[in-house]
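Below are two complexes that have chain A in common, paired first with chain B and then with chain C.
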Partner chain A sequence: MTAKTIAIARREFRALFDSPVAYIVIVAFLLVTGWMFFSTLFLRERADLRVLFTPSLFSPAMLLLIFAPAISMRAVAEERKSGTIELLTSMPVRDWEVVLGKFLADFALTAAAVLSTLVYAITVACIGDLDWGPVISGYLGMLLFAASLLAIGLMCSSWTDNQIVAFIVALLIGACLYVISWLQFFVPDFIAPLVDYVSLSSHLSNMARGVLDTRDLLYYFTLIGGALFIAERSMAHQHA
Partner chain B sequence: MTEKDGLMIDARSLTKDFGPTRALADLSFRVKRGEILGFLGPNGAGKTTAMRILTGYLRPTRGSVHVCGIPVAERPVEARRRIGYLPENAPLYDEMMVIDFLRYTAELREVPPAERDRRLATIGKRCGLAEVLGKDIGQLSKGYRQRVGLAQAMIHDPDLLILDEPTSGLDPNQIVEIRELVKELGKDKTVILSTHILPEVQATCNRILIVNEGRLVADDRPEALSGRASGASIRLVLKAREGELDAAEVGEALGGIEGIREVQKAEGEGAGTLGFVLRDSAGADSREAVFGAAVDHSWIVLDLHREQVSLEDTFRRLTLGEQEGGEG
Partner chain C sequence: MSNRKGIDTVVGVLAVIGILILVNVLGAKLFWRGDMTRGGEFTLSQGTVQTLEGLTDPVTVRAYFSEGLPGPLAAISRHVKDMLDEYYASASGNFRYEFIDPTSEETEEDKQKKKESKRTITGQIVREKTSVERELERIGIRSFGIRVNEADSIERKMVYMGVEVRAGDKVEVIPVVRSAEEFEYELTTLVRKVSRKDIPKIGFVVGHGGPEPEKDLSLLWQKLERIYELTTIDLGKKPEIDADVRAILVVGPKTALSEDEQKAIDRFVKGGGSAAFLVGPVAPDPQSLQSSPAEHGLEAMLASYGLKLGEGLLLDVEYVPIPVTRQSGRMRVTQTVDYPFFLLPKGLDRGHPITRGLEKVVFPFMVPVEMEMQTVSGVEARAIVHTTDKAMIQKPPFDLNPFQHWTRDSFTEAGEKDLIVALTGEIPSHFDKEAHAARARVLVAGGYSFVTDAFSGRQIGNQIFALNMVDWLVMDEALLAMRARSIDKAPLDELSDTSRNLAKYLNILGLPLAFVAFGLVRWRMREARRKRVRI
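Let's turn to the complex of A and B:
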């Protein structure tokens, strides 16, 4: 990581806060997770943090599925639209520094939203005792899950100068990877593990249970690395 | 080939195709240190495309560019360190404050941290940005945007400045200021600028390239292009009392003068006058000979003066000529 990557990330981060997206994401995330947390607390009369991490149809992970493309859609697409990409590429920066810088900014915002829910964990820890193990692995899973979606979003953003297109394509890819695990009951047995492996959500479920497996980590890191690599390639391709 | 020879740009047979459109066709030129090069051409001639190739934003379909001896395609980052670039229409981050934006570009353009504040102050003053440093770029008028664009291009004190229409949107005072700035920069730097304002290139540049339909149609000093080399024209008006002077005879006599290439009958100054436009051959000044002939024939000279062929004429001839040829 270079000073220039950090400079790009810093600018990008501030730009995110110049639009309402950043505030909407943080507030919505806190509200939804808060509602889920307290409803289980009062309905079931027990504080369970696992609901926060377990992917389902209505879960914080589902929110990220929508928010991550909304955060990352502007990354490259907006620079293409406004022409500032020409300015940026006339500076002595490498394409990967640009991609990485933008990714870091998007990740910082998303991580802030995700980690803001730590207030609930701390609440639980104050009320009774909290088994921090699954909480930590749950948060780690959530951050990796979010990072993967952001990387996919950034990749889509690098393909177009239209933010809406970037958003929709990223949402589609993310949604497919999210729901594909549900298919494992309908496909032949020998494909089922494969379907399970490519699914974004099944790895998150593992980590929400407190299981830290290198296979899950490897999955997320491959996805992030792969998407960012493609983004870098398509940045380079614009010179053609 | 290298920087020691003072060769700042070496562009060789640049060709650029956008699908079926050929934006540049085999364009070659070299630029030496200290040159201020004006890039002229009608809309769509390929000026912006050429500049984008020089900065490495676009890759040529064929051909190569060396900047300060560095091959742009192979070592783009190294080449960009030497270049300050103002893209057409000055695309900038609208949501940023001017001062933040300049700091950001100083950082990306590798101005050493210790020097940043000093550079920012110098550049801010030079580009007349003092009053707007705290404003959002999106709120600036077009001229101020242009100045911010110029400031970011110069912030790292580059050897080579590439400016795509730097004075578009500026007021006349500012145009003069930029002109002075460019001239001053040209003393120890190299500047390439494109523009549609011909008097501007004449005032600032010491070399002009004219491109048309992606091809180089002229590469010369401004004086040369504005007529000296191709010959100037002499305007002559004689007094002609009724029946005393015959235009054809006078024309013939004028044609016999040494150094006169061509004689054209032209508008006089109303009744009782005869007008002519005479073309000098290159480098000659035949006014004296014309005056001599007038004395010999006892013509009464009402007007005798030399007219420079303007850069505009040359520009129109070079860039419209091909179209006319194509139609004919």
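Let's turn to the complex of A and C:
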């Protein structure tokens, strides 16, 4: 990672917090997540955070599915729409430095929202004997899950100058990858294991249980790497 | 030129995607799994490792899992496969396994049979069973139905998720693996059963109007049967306990055991055998909740062990309400009523192997067990279940009517009382005052309804308690540790409603408000800075 990447990431991150976007995203995420978690905590009576990480139709992971494209939709599309992309590409920075810098800024914002929920873990640890191992793997899973969605969002943002189009396409791709494992009932038997592997949520649920598996890590890293690579190629192709 | 660049970009992107897919394919073959849970929920327990290291003859496991299982079932299938890999790696040669899709074993004839389905008069589609289905049914592995998409329509498909464990001519099966968390316990239990030269024998002392184990304690009997060899012992017919019996259970006799019968038990304990006495002064009827007196006649023998059973039934503030059906006019109405005789004590000894990790165990109709250990030496007595200090006692004659008025005046204050006591060490002989057991275990409970099917034997907590009790009696610490691990889910501390609400709303609202405040402060500072700037 170069100094230029970090400079871009810092500028983008500050810009996010100078606008109400960051606060709206974080506050909305925390309100809904807090309610999802604490509305059942005392019913379950278990000192664990598995509910926070386990993907379902009504879970914080589902929220990220919507928030991540909303954060990343502007990354390249906005620059292209306002014409500042020309300015940016005329500077002595490489395309991958721009893509990585923007990705890191978006990731830092999402990580701030996700890691804010560590307060829940501390609360649970105060009122029960919390096992921190699955909490750590759960957070790692959530961060990788969010990073994957952001990379997909950034990739979609690099394809168009319309933020709404970028948002919708990224949301669709993310949603397909999220729910695909639940659609195994509807696919022929021989592709069911493939469908399970491709799914974003099945890898997250493994980490939510407290299992660190190189297959899950590899899946997320290759998905992030692949999406960012396509974003970089897309940018390079368009200003070539 | 632009076209050429476009083609180059697409080719580059496809090449990288191909490489990433290849990396994932290789990664799926060569992987590493780490277990982050404190209790190593997803790592082989010490008990399993010891069992595998101790294998002297080959054990073969065949896991019959259908291909293409959906969602959560696929996760269980994956977990079973991963765990079998771990078993294989730990067993140094004497453990082999096959992971089989039953359809892959079908012959051409079987495939033909599957195509030839017939419709019955009721419209049900039936077909002849394949050889694989018949064979799996014969060994006890059952298929079950799930909904799948076949040829663009949702159909019910029969799938397998069973495991066969074989050593020589001994075969045991898990008909359906229902939970990833309990798989290790179930598999290791069966590996032990098929590989052991001597399976511990457990005897249920029957007769005297007490519950019949295979009928009234059927749930416990079925679970124990998977681990131990079980037998019933009628001391009235033959006042002797066979030497190969490792532990006996005396459960709820209604009439007194004769002196000869007691002597047989005494000789058994003196010889190092373990015994559980689940006895009380009342034999409740599960239908009518009427009581009849029970005279087990074991008071003197228990007194020799330093224990005395109280006479009154315990009531406590920690209890479970029960459903009661009664006739109301022409209608039969079922309602849930408070019933403090069904104790649900939180006072479970977390340090003892029997109660470690347990939470909800219901103890109906119990009398206190009092320890008078001053006269007994060399014995360690430990109360593993006790009431709160608000417990009360109903003295005979007992009124078990669930619709009675539970006023404090009707009962006697009892304070904290022990319900179950575990004894280890040199248990003294009742009939031979000079003798004592070299190393024995005795458990005494002031009641027996907690193991019967009719009362609380169906509760998971009660079943685990009863299994733990038997494991402890036969000193199978490995199994105990494994089972405790599978249920060790940390509970939350007791909190008042105010504290709960405070924790809840501070987190739900406090955290977002803190971010809003941060944003406002930052905005005000920026505004102030902007005003200071003069051009």
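A few notes on this one:
What we mean here is this: the second predicted complex is superposed on the first by the 235 of 240 C-alpha atoms of A that agree within 3 Å, B and C clash if a C-alpha of one lies under 4 Å from a C-alpha of the other, contacts with A are read in each partner's own complex, and residues count from 1 in each chain.
Throughout what follows, a residue touches a chain if its C-beta (ideal position, glycine included) is under 8 Å from a C-beta of that chain, and two chains touch if they have at least 3 such contacts.
Keep in mind the model is a prediction, meaning the values are calculated, not measured.
Once the two complexes are laid over each other on the shared chain, residue contacts for A:26 go to chain C alone; chain B is not touched. Once chain A of one complex is fitted onto chain A of the other, the partner contacts of A:131 are limited to chain C, with no touch recorded for chain B.
Using the contact criterion defined above for the overlaid structures, shared-chain residue A:226 touches chain C, although it does not reach chain B.
Set against each other, chain B and chain C differ in how many residues of chain A they touch, and the higher count belongs to C.
When the two structures are aligned on the shared chain, A:15 is found in touch with chain B, with no touch to chain C. Touch criterion met: A:218 reaches chain C, while chain B stays clear of it. Once the two complexes are overlaid on the shared chain, A:3 sits against chain B while remaining clear of chain C. Residues 18, 240 of chain A lie in contact with chain B in one complex and with chain C in the other.
Partner chain C is touched in their complex by these residues of chain A: 17-18, 20, 22-23, 26-27, 30-31, 34-35, 37-39, 41-42, 45-48, 116, 119-120, 123-124, 127-134, 136-137, 181-182, 184-193, 196-197, 202, 205-206, 209-215, 218-219, 222, 225-226, 229-230, 233, 236-237, 240.
Chain C makes touch with chain A in their complex at residues 2, 5-6, 9, 12-13, 16-17, 20, 23-24, 27-28, 31-39, 41-42, 67-71, 74-75, 146-150, 154, 489-493, 495, 500, 503-504, 507-509, 511-512, 515-516, 519, 522, 526.
Within the complex formed with chain B, the residues of chain A that make contact are 3-4, 7-8, 11, 14-15, 18, 82-84, 86-94, 239-240. By the touch rule above, chain B contacts chain A in their complex via residues 52, 55-59, 77-78, 80-81, 83, 85, 87, 89, 91-96, 104-105, 107-110, 152.
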